[in-house]
Amino acid sequence: MDFLKWGRSPWGEDILIRISWDLLYLSAIGGVLFLIGHALYVRFWPQPVPEKGDAATTAALAARIPERVARHSVAARAFHWVMAAAMFVLLFSAFLPIVGVKFAWVTIHWIAGVILTLSIIYHTVHATFWLDFWSIWPEKGDIEDSRRRMLRGVGQSAPAPRKHGKYPLENKLYHLIILITGLAVIGTGVFMMKRVQTPFFTRNPYLFTDQAWGVMYVAHGLAGVGLVALVMAHVYFAIRPEKLWITYSMIFGWIDRGHYLEHHDPQRWNVARPVPPPPPDEDAAKGRRIAV
Amino acid sequence: MAENDPVVTADEGQRGVSRRNFIKGVIAAGAAVSTTSYLFRGGSILGQPSLPGAVERLVTLNVNGQQRRVDVMKQETLAMTLRYKLGLTGTKLGCDRSECGACTVLIDDVPHYSCSILTHSVRGRKVVTIEGLASPTGQLHPVQQAVVDAQGFQCAFCMPGFVMATVGYLKTNPNPTRPELAHGISGNLCRCQDYNKILDAMMLAAEYTRRSSRA
Amino acid sequence: MAVIRDVMPAFELFQPANVEEALSLLNRYKSDAWVMAGGLDSFDWLKDRIKRPKVVVDLVGVKELEGVRASGDGLEIGAMTTLTDLVRHPLVREKFGMLLEAAEAAASPQIRNQGTIGGNVSQDTRCWYYRDGWECYRAGGNICYADTPTAMNREHAIFDADRCVAVNPSDTAPALIALDAKMVIRSTSGEQIVDAEHYFIGPGIDITRMTVLKPGDLLVAIRIPGTWAGSQFYFEKVRDRKVWDFPLVNVASVMKTSGGTIQDLRLALNGVAAHPVRLRAVEAAVRGKPRNEQTAEMAGLMAIEGAKPLRHNGYKLPLVRNLVKRAIRGVEGSWTS
Amino acid sequence: MPERTLVGQNYTTPDLVAKVTGKAKYAEDYRAEGMLFCKLLLSPMPHARVRRIDSSKALAMKGVVGVLTADDFPPVKPDQSGLKPEQALTNEPVYQGEPILAVAAVDEVTAADAIELIELDLEPLPFAVDPIESLRPEGANARLEGNAYVDRKVATLKWTAEDFREVAAGRLPFGKGADEWKVGDVDAGFKQADVVIDETVVIQSTGHQPLETRTAMAYWQNGKLYLHGSTQSVARTVASVAGWVGVEPSKVVIVSEYTGGGFGSKIPGAHSMAIPALLSKKTGRPVMMRISREEEHFIGRARAGMQARARLGMRKDGRITALDLYIVMDNGPYSAQGDARSSGSIASLAYQPMTMRFRSVAVLTNTPPRTSQRSPGGMQVNAILEPIITKAARKLGLDQVAVRHINAPAGKAPYGPPGQNGKQRYVTSAFVKEALDRGVELFGWDARKGRSGQRRGSKARGIGVAVSPYVGGSIGFDAIMTIRPDGRLYFQSGIGNLGTHSTIDVHRVAAELLGMPWEKCEVIWGDTSKHVPWSCSSAGSQTVHAMTRAAHAGAMDAKRKLQELAAHDLGGKPDDYDVSNERVHRKGNASGGLTFAQAAKRAIELGGKYDGHELPKDINPMTKTSATALAGLGLMGVAKDNYPRDGDTHSYVVGFAEVEVDVETGAYQILDYTAVADCGTVLHPHSLAGQIHGGSVLGMGHAIGQRWTYDQHYGRPLAKRFHHTKPPTILDVPVAMKWDAVNIPDPETPVGARGIGEPPVGAGYGAVLNALVDALGDDAFRRTPVTPDVIVAALDAGKWTHEALTAHV
């Protein structure tokens, strides 16, 4: 299978055009296989029993943890869903025509792309100045935790990993990879808007050399088909019963105390109420301010 | 010469007679399949693989009143067959793209660009080229005579096409006005471009043709 | 790397005798098959060695696709009817003079003697970049060479460009749309009837095709209802040379008036987008209005709303405006000598 | 001067029946045993260097016989310009479409398939397709050696940023680097003017596009090359082909009995002829090279386009007081072209400006090679200046014809750059005023004036007139004719047969002088193995003038020999004898003396000068060789044209046109056209009509539609085929056209006849442009062709809007 599609320039030179759309199917199949594999694994593989913490400490801590632990601000949730909507529009407008559902997709695609770009710019600024910027980035200890978790996941013995901070490593890695692919599609996509008619630019496909454009199209395509698998995985986890509490948090903004205590390390994600405890209603607001 | 050949019609060639029999027939008749296949891979009749149901390469064409047997490639245009297989070089190629008219011939009395029709498409149809206009005794066709009398062309590379187009058009409108005639033969390009004298000649041709059909 | 032109590469040739045979061939060879009607569009592609079908299905022998028949108070035109036969047909002359005009305006006499109505409406665009083998969007690439800062695009689209700025070159297409013709499409899986207006598709829908025909489909006939027979027609084609050339813009309209008021009309343009454009908004605005200069002027202005000219085709705006104006009110004035 | 029995009469040319029956053989109609076919590999890039060619896959194909590359050609050195002369195949293609390689195979399909298997590695080099872009400070040069001809050498020439501010404003700057000449004080001239017009104009390049492409077939026999090609002169093609192929001229035979048009593009044959010749040598088999219409666009030659600026001053009475003309010529990639220089000369001749300055610069571009095309430079300058003159006249309220009349050249009119002595050259004669008068009458100018610029509804009418001179003949060629014992007169001719009929016509002068009935004359042409004399090309309107002179000289030689022979045999002095009625006889006794048949026999018996065994000293070596080969066949008339001539021969055509423009669509029709020629004595009316109308239509074609379009980013042409280049069709010209000739003999040539091929072109062009100006006003167009889009956009905007200076739009 040829992964790259080559064309011929008006000068008879071989130039990269894009990736082969076979890769789309490959990505989709890969995504499906992963889901099936994971589902089977969860269903049939004995799952390690979560570590029980020291009961006394937990109880003491629990007292200081609000009923609802604020996890995502309204702004952050809005961003996520706008981005998700844009992403779905982008993916569908990009790939439906390829699989045979024909419609005028270009305008939809670039408008969604612009929305995605704007929302990401907003998110970057927002996360940098208003959120706990570092909470989403993998850190050194995550790797050791991850190794331990894996070993235990396949039934090997390993020391207990730490609990998660605000975001589990999977989340962090997913964010990282979506960030890379997202930037790749956006970075290339913005330039590609010079190749079609939009109100923003005078159309000029000669902005870069034929070869440079080729690389850009390939990058856009690779990231695009990569996103298919990534989004599939994301949606899959979002609807897995044991993960639904996380999904709800992206809708309602909070997780309950139980899940917090079960999955998160209070040291690494401190949402403990300072003294004296304020009324519950304000907790959330306060918590948001302090901890998000 | 070809009049003595056993005639194999296009229909028989395609359906009634198997290729093997057809070839046998040709060999028996001693006719050369293609003595001058300069242009297209003609050497072996079986050279081009054939899918079931596809056209046969050996065809019989009716050109200038004669039945001519030819080995024709699938993608061969009539102009090429005429010029390179039947030796009828009076039909000229000016553009090979239906943009000049130099290759105009009559197919069932209708002017066509022979560069832009497959030879296989004219099986069973009557093809007339510039060589087929004059009588066997050499008497010019009225349209040819008019061109001679009016000294109607210059380099004359376009002339065969113009003459054939005029002959064809006059069959549909024997008594045209000058603008009608111009419209009728507008599918032919002349680069020496004395369209005026061409029209003079062809108006004379219309008159001669009327006269000869009356006679 | 080497590019060579003007010699057709080998292909396998089928000349089916009837529609059934043709359809089964098309079904068997699907996208490997090339349908050839008159061949005038096909030969360019084949001689340029740009399109390389394995199999050519030449419809020359399918006699059932030829001819014009009365059908109710309208007509049914076989897809393989030559433009000349169409022009000479008494029923066309009597009822749909505009179609005659449009067909007569196409190409050259010899081309009309061989070119078919089916081919004329289904032909590919003539964008000279695409036709010259530049690997643009329409050819499977990722660029439009005709809309760049240095591109030569006098003939190109002012409407509905979607990456590709090519235009549909057919002269009969707008006339058929104005006449509310129906296209009869057959394949091995059955028959489908499509309004002429929807027979054509733009690059947004499918950048590599001009019509709804998919591999395996065959346009077999065009039906013109009697609705507009003998109504007031207007057809005009503006082009460079009076022979051979495709339209820079053409316009076709059918109209029914009563006491100076426009009762109903249909109006279509070609040469302005990748598909012929039916001017529905103009039709709606003009219906019920008096047929006069003012209405014509308004129609002309409405017709160019949303037009996006390229570097060399800005003239198409005044041209469309004036042609639409004329389609409503007719041509003014003339000289006798 | 004898009674005109043949000159001025219509007759049926001897080549006509062969043409009309399809028997006439053009280059592609020849076949040879074992003939191979070749196809060309063309450069995909506008400028590149061949790094590597791998033909192994192609050569491995069944049926492929040989491959030819530039390395198989005789080596060439740069000429005095600094550029290597063009060769048919190259390792440094300088325009997209330039042939790099040729494959010979048993048939064309195989050759084409083989071409696709050639692996070609090219290194792209900088390129320019628009002369103005190349003159930008940062603009690319078309050649590694430079971008323009400066003092006849290729050098790098750049204009200043300041100059390009003018360009941005739509005006051609008077940039540096131009050749220049002046007549009188131009500034003073402008001071005398009552109106001054200053316009920047672009004239398109156009391919010659003869209907027959430059197909050629070659084979070698006994060390001699036989080449069947398409040329404007077999005699003149021998040496050029010999040079390209690298053999002695005596080893080359050129056959071209019928040439399907040339218009200047086949003057010394075609460079590409060397391809089948060398491939045939390499493969040992005959090779046919069919040139397609698209290939013809590339190698078929083209007219040099121009970007020009003209300032013209006119006095109240219509006299042109000053002309300041600056031309940037698109020279193509090879040798320096003469179009721009001719433009200067023709402008000065046509309008006789009281003062004039002319500047021009030839800029190299990576577009197909240019060469003279019917009225080279003359046609372009007509298109540049005619509308300006019409606009000036209109501003002054003057009639178009009156303005042409007052400025018309007459008698020994001066023209062109001043020579060493400070004086301009002058023409042999000019009867333009007479032609204008005749045209006004024939066209009905005065009656049509009522419609000038009038509008009815959307239809505007306009009328126009234009004056177009061009060189009308050369001198110094040879003639060979033999009266043979069969009593017939045989003419050898080395002129190409392009269907102008002059190949044949010119010999009627000799037949008439010798009193020979035309039925007993035979012209042998089109084959250099048939011993042709040194002849001119059927080009540059030379033939009728040059070769009637040669025929006259040859006939006079034959006549003198008949007289001497009669005196020798029958006594008396040669001058006692006369020729008529196919006899040489004593004056006053037409039935006595010797018949031509008897004289021919006697000539052979006597030998020496009579039958060609002794030859004049001044004839060309080619003529000498041919005459020697023909010696002993009969009484030979062989001579060089040594007739005196005072002035340079030019002919003139005035054209009149009426157009009707639809101002809503920009579409227009040329309703009527009339042309009157001043070309001296009329030799063959039918043929002259063909030249006048045919040339005029070529000009009209340039006015109304002929295109030459390039994509500037990739330097590739978009208009290559007729469908895009748009030569005019029969419906684009008036359905009936008129013509006449003033028919006043030129005093500087014995027959009085001048050539006529070129002048009508500018007349047709200018007349149509002027009619458009008349119909549409002063501000509708500044470049040609004037197509509906240009008109409708200008009328909509109220001024011309089309690209001011961009070339190849």
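Labels A, B, C and D are assigned to the chains in the order they are written; within every chain, residues are numbered from 1.
Following the convention adopted for this analysis, a contact is a pair of C-beta atoms (placed from the backbone, for glycine too) under 8 Å apart; a residue touches a chain by one contact, two chains touch by 3 or more.
All values derive from a computational prediction rather than experimental measurement.
Asker: Go ahead and note the Å separation of the Cα centroids belonging to subunit B and subunit D.
Answerer: Between these chains, centre-to-centre, one finds 33 Å.
Asker: Need the CA-centroid distance for the pair subunit A / subunit C, whole Å please.
Answerer: Chain centres of subunit A and subunit C, defined by C-alpha means, are spaced 48 Å apart.
Asker: Measuring from the mean C-alpha position of subunit A to the mean C-alpha position of subunit D, what distance in angstrom results?
Answerer: The answer is 73 Å.
Asker: Would you mind pulling out the distance in Å between where the CA atoms of subunit C average out and where those of subunit D do?
Answerer: Between these chains, centre-to-centre, one finds 41 Å.
Asker: Which residues of subunit C are in contact with two or more other chains?
Answerer: Answer for subunit C, listing residues that touch two or more other chains: 1-3, 6, 8-10, 145, 148, 150, 242-244.
Asker: Note the residues in subunit D that touch 2 or more other chains, in rising order.
Answerer: Residues 44, 108-109, 120, 292-293, 711, 713, 716, 722-723, 728-731 of subunit D each touch two or more of the other chains.
Asker: Which parts of subunit A, given as residue numbers and ranges, touch two or more other chains?
Answerer: Expected reply: 9-10, 12, 206.
Asker: How would one label the connectivity among the chains shown: line, ring, star, complete, or other?
Answerer: If you draw each chain as a dot and join those that touch, the picture is no line, ring, star or complete graph.
Asker: Determine which chains touch and list them pairwise.
Answerer: Pairs satisfying the touch definition: A-C, A-D, B-C, B-D, C-D.
Asker: Which part of subunit A faces subunit C closely enough to touch in the complex?
Answerer: Contact set of subunit A toward subunit C: 7-10, 12-14, 17-18, 102-107, 195-197, 202-206, 213, 217.
Asker: Inside the complex, what are the residues of subunit B that reach subunit C?
Answerer: Where subunit B meets subunit C, its residues are 14, 48, 50-51, 53-55, 73-75, 77, 96-99, 101, 104, 110-113, 115-118, 120-121, 165, 169, 183-187.
Asker: Mind pulling up the subunit B residues that touch subunit D in the complex?
Answerer: Result: residues 36-43, 73, 83, 88-97, 99-100, 102, 129-131, 133-134, 140, 144, 147-151, 153-160, 163, 178-179, 182-183, 185-186, 188-199 of subunit B touch subunit D.
Asker: Considering the complex alone, what residue numbers of subunit D touch subunit A?
Answerer: 44-45, 120, 122, 124, 711, 713-714, 716
Asker: For subunit A, which residues count as touching subunit D in their complex?
Answerer: 9-12, 206
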